[in-house]
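Following this line, the structures themselves.
In the two assemblies presented below, chain A is common to both, partnered first by chain B and then by chain C.
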Partner chain A sequence: MVEQKVVDPDYLILEAPRERKFITGSQAFAEAIKRANVDIAIAYPITPQSETMHLVGDLWAQGYVKDYYRAEEEYGAMSAIAGAVRGGARAFSATSGPGLLRGLEAIVSWPGHRIPAVLGVMTRVVNAPLSIQPDNVEIAYLLHSGLIVFHAENQQDVFDFTLAGFPISEKVDVYLPVVVATEGFFVTHAKGYVELPPEDMKLPPRDPYKAPVPPTDCEIPPARIQRDAPVQKSNFMSYLIHAVWQQEVWSANERARKWINHYLGGLIEVVNPKAEVFIVASGCAAAQGREAQRYAEMEGLNVGLVKVRSIRPFPTQELREVLKDAKAIIVPEHNIVGWLCKEVKAVIPNGDRVVEGPRVYGGMTLPVELIMDEIYKVLGIKKEKKTLV
Partner chain B sequence: MAEEKVIKPGPAGYIPQPASFLGVDTPPPGKALLYGEVVDEEIAMREAAKAMLTRRNPTIFPGPLVLWGYNTSAIEKAKAVLELAMEIPNCRIIPMPDYRPKYPKINPEAEINPNHPNLTILHNKIEACIFVGVHCHYANLSLRMIRAGTNCFTIALCAEMGHEDAMVSLRDVHADDIRRFRDVVVEMRKELGIEWEPKMPPENPSLPKEEWTNVSPLDFGEYAYLLLPRKGEIVEESE
Partner chain C sequence: MGLEYVKIAPGFERYMPRDYVDLVKMGQFGRQVDVMDLGQFKELVEDHPMCAGCYMAYFIRIFYASLPNPEDTIVLGTAGCARLALSQAAVPFIYGNYGDTNAVASGLKRALTIRFPDKHKDVVVIAGDGGLMDIGFGMTMHSWFRREKFTTIMVDNEVYGNTGGQESGMSPKGVQLKMAPKGKQFDKINAVELAQTAGCVYVARISPTNPKRIAKVIRRAILAARHFGPTFIHAYTSCNIEYSIPTREVLADARNREKKDFKFYEWMTDEVKEYFEEMEKKEVKA
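This part shows the complex of A and B:
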């Protein structure tokens, strides 16, 4: 283990010199955890989700992570995360697909319990027929619980989002869990270049007393509420406390915007902001969208890309501004339900500008040609089918 | 200052939108919120002082971070809160000692509770109040419910980043800042021509005098067994 010194989060995330490494997405998660001063990692690390939690276990063996807890299954893992965080620890876990859904009841209770933790989600489909291939439909299940949800395009995003996830999560005005989602296999098992800050630096330890709620005490809500559910008793005041509690979770989600802007450079990234046609995408679809934008530029077409980094909070105002003059908006996705497409349509005027797709699922790759076909269609260009580049 | 105040004394309605949904964010360091707008601290303090001096039944609600003397800064802060209360004519102090839901109901003259803070506000006809030393989550719940159902002017003296749902919200407030606010109160009092000799707020009439002789394990209800050593158990160390 390398001797590490505590540095300011702003320095570690934004200013420290970086060195380029060629690593997998799972290794990128582990490199972030190595520098995050994590107290405890808890997981039910099945195979073949990804090797992320195995690598984090190795960090525990080396001494970078103070404790490692292998739970009996995902519900236990995610419940144990809540307990550890309420007890004052900084915690990390990762899961995917069916495991995510098994732990979902515990996970979606984290925001209401004000649990600042970071959860890696390597998407791999939740539905039968079983698949272990990349398909991000499970992100749809995370969007309405108050969680902060980032969607990483590549290994670099995995590292940056995970490391920044801790200080964002622990800001007193936020204090919500952060999910860092990325496509299994395409990102977790494949290698890419990642710029890493020095490994002899780490975040300051979590200060559980700098918090909007007291540390664990079974005599205060929400612990007490869970035990005897007094706020659910039927009188008007009880409903009101529950309502304002939910408002507080989503208010905290709103307050995260400024910290996402600070640490990640914004909720979205825009390429060619004056474009006539935009590709709006997140995760791996953004990588393919980036290629499509490049191809289009090579062909002299005025196409732009909006990469959505943060799904929650959602970049409503940013998208309205960037897309206000767009003639058409193409939303490629790695799932059948089109959750990002629905989100985009819901927040911009003239939703009929949005092209619903292309979508691939069940582990299929997303060829750039599929996106190019949609670009040609909306621009009225008739093309012979041919192989690009 | 915008013509229409974003956050103003209620009642704002059955279930009003929280301030953050209306575009109000916590103030940056060195600034304050006044009716949802970012302003200089001095301006916010003067408006808060005016409210506490001119509205009915001004009351300070100290929370656990002031009441329980966790550390020297908390004790110092509690002293500063008392000094502030002394300068506000007829100011009362009603504590928020913890956040437990209490059933069948609280005594609204004795305490305020974040699960139904409007009971205390309405029962005591409080039209101006200060939250200090309340954990942000519970302060936000309370401020929202008070704005929804009462006409109380709310002031948040927050040790962290502030509160969008208060009419006045100061951030990073510690003992020195409370004393600075006390000085603004005194200055404003003179400007308004209000004569007042500083004196301690009245004892809370609803709370029996604590003599430290009547604490019983039974006070701890179902948790009493945690206090009592088991047969044969010898407790040698405690935190």
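This part shows the complex of A and C:
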């Protein structure tokens, strides 16, 4: 184990010198955890996530993480994360597709319990039929729970979003769990260049007393979410208490914006802001969208890209501003339901500008040609089919 | 720190509710009370919305009076009747999701051990037969397999009482309940045997007829969990509503079951036995 010194999160995330490494997405998750001063990580295997939590287990064996175990299954793992965080620890876990859905009852209760933790989600088809491939429909199940949800395009995003996830999650005005989602295999098992800050630095430990909801540790009066009988009964007070609590969770989710801007440089990234046609995408689809934008530019077409980093909070104002003069908006996705397309349509005027797709699912790759076809269509260009490399 | 957080800050005494002042001045914080003195000290739980004649409520009252260190104890519960009283006590209480108690307690206890390696922070799960042996079964068993250092107390009323009287895995075979219209088709789960096999270091089965014995068992289970590993108490706490036991016969019913399938049973590892013998020797000397 490398001796690590505690440094300010702003320094570690934004200022420290970085060195370029060629690593997989799973390794990028582990590199972030190595520098995140994590107290406890709880693992349960599922493809394609397994490698990440096994690497985190190695970090525990080396001394970078204080406690670690392989749980009984995901519901147990995610419940134990809640217990550890309420006990004042900084915690991390990760899962995929069916595992995410198995743990979902616990995970979607984290915002209500005000659990600041980071959860990695490496997308995988939701059965049936059985498949292990990277379809990202599972992200749709996370959008209405109060969780903060980031969608990583590549290995670099995985590292940056995960490391920044801890301070964002633990800010007093946020205090919500952060999900860092990325495509299984395409990102987790493929290598990419990642700029890493030095490994002899780490985040400061979690301070559980800097909190809107104190820990349950018998050191200070605890938050007694279930204290009063009215909360458990069917009467007006119980409805009111629950309603107010939900409002606060969603307000906290909104308040995360300024910290996402601070640590990640904004909820969206824009390439060619004056474009006529925009590709709006997140995760791996944004990587393919980036390629399509580059090809379009080579062909002299005025096409832009909006990469959505944060799905929750959703960049409503940002998208309205960037897309206000767009003639057409193409939303490529790795799922059949088009959850991002629905989100985009819902927040901008003249939703008929939005092209529904292209969509691939079942774990297929998303060829750049599919996006190019949509670009030609909306620009009225008739093209001979040709293969782009 | 435990005692510090329950104390009233100087100057605030006259603004605090009377109940709280009594709790600090005449309660259990910082001292060991004798369960036979119930009524002569301010108890950790007083008001609760349990049914008249509820034996679980009685057990929970004794439970709180038996805590070796209430100012450093955290109680976890789940859906069911028990949590209605547990959430009213002057001891931190965590209510998570359905049947998740032993997973949440695993994370909590580990976090407290990381943060306070030199202090005893007692974690106690009190959940029903449904929570621990049906919906939470896997998490209960695995917390024992992993040798997690906390206490699990099953308040077994042999029915899903809070949802209106459905069969549970702990209902006796043949009993007709909701969702068992032809009577339960299989035997009551042998939780005590499972606990011993799964790695608990102290296991007791009790029909709560004798408050001194209940207190001793609870205290032992908590102290053994501090030092050695998981501990388990299986307590019979009848549901007088769903089993139609007249209120005045609730104690007689507990005595009757004590003679049959709830005979007092206590088992512990040699290591735990040695620890208690040492401790009790010291107590006699003192």
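Definition applied: the second predicted complex is superposed on the first by the 368 of 389 C-alpha atoms of A that agree within 3 Å, B and C clash if a C-alpha of one lies under 4 Å from a C-alpha of the other, contacts with A are read in each partner's own complex, and residues count from 1 in each chain.
The rule is short, and it goes like this: contacts are C-beta pairs under 8 Å (C-beta built on N, C-alpha and C of every residue); 3 or more make two chains touch, one makes a residue touch a chain.
None of the values given here were measured: they were computed from a predicted structure.
In the superposition on chain A, A:Tyr75 contacts chain C only, with no contact to chain B. In the superposition on chain A, contact of A:Glu19 is made with neither chain B nor chain C. In the superposition on chain A, contact is made by A:Trp245 with chain B only, not with chain C. Contacts of A:Lys210 after superposition on the shared chain: chain B is touched, whereas chain C is not. In the superposition on chain A, A:Val172 makes contact with chain B only, while chain C stays out of contact range. By the touch criterion defined above, A:Ala106 reaches chain C but does not reach chain B. When the two complexes are overlaid on their common chain A, residue A:Ala91 makes contact with chain C while staying clear of chain B.
When chain A is checked against chain B and against chain C, the one touching more of its residues turns out to be C. In the three-chain superposition model, chain A touches both chain B and chain C at residues 219-221, 224-225. Per the touch definition, chain A reaches chain C in the complex via residues 39-40, 42, 66-67, 69, 71-73, 75-77, 79-89, 91, 105-106, 109, 113, 216-222, 224-229, 232.
Residues 1-2, 4-5, 49, 71-74, 76, 83-84, 87-88, 92-98, 100, 103-116, 121, 138-139, 141-142, 146 of chain C touch chain A in their complex. If you check the complex, the residues on chain A that touch chain B are 114, 171-173, 175, 210-214, 219-221, 224-225, 230-231, 233, 237-238, 240-241, 243-245, 247-248, 250-251, 254-255, 258.
The residues of chain B lying in touch with chain A in their complex are 15, 18-21, 25-26, 64, 98-101, 103, 114-116, 118-119, 135-138, 140-141, 144-145, 148-149, 160-162, 164, 223.
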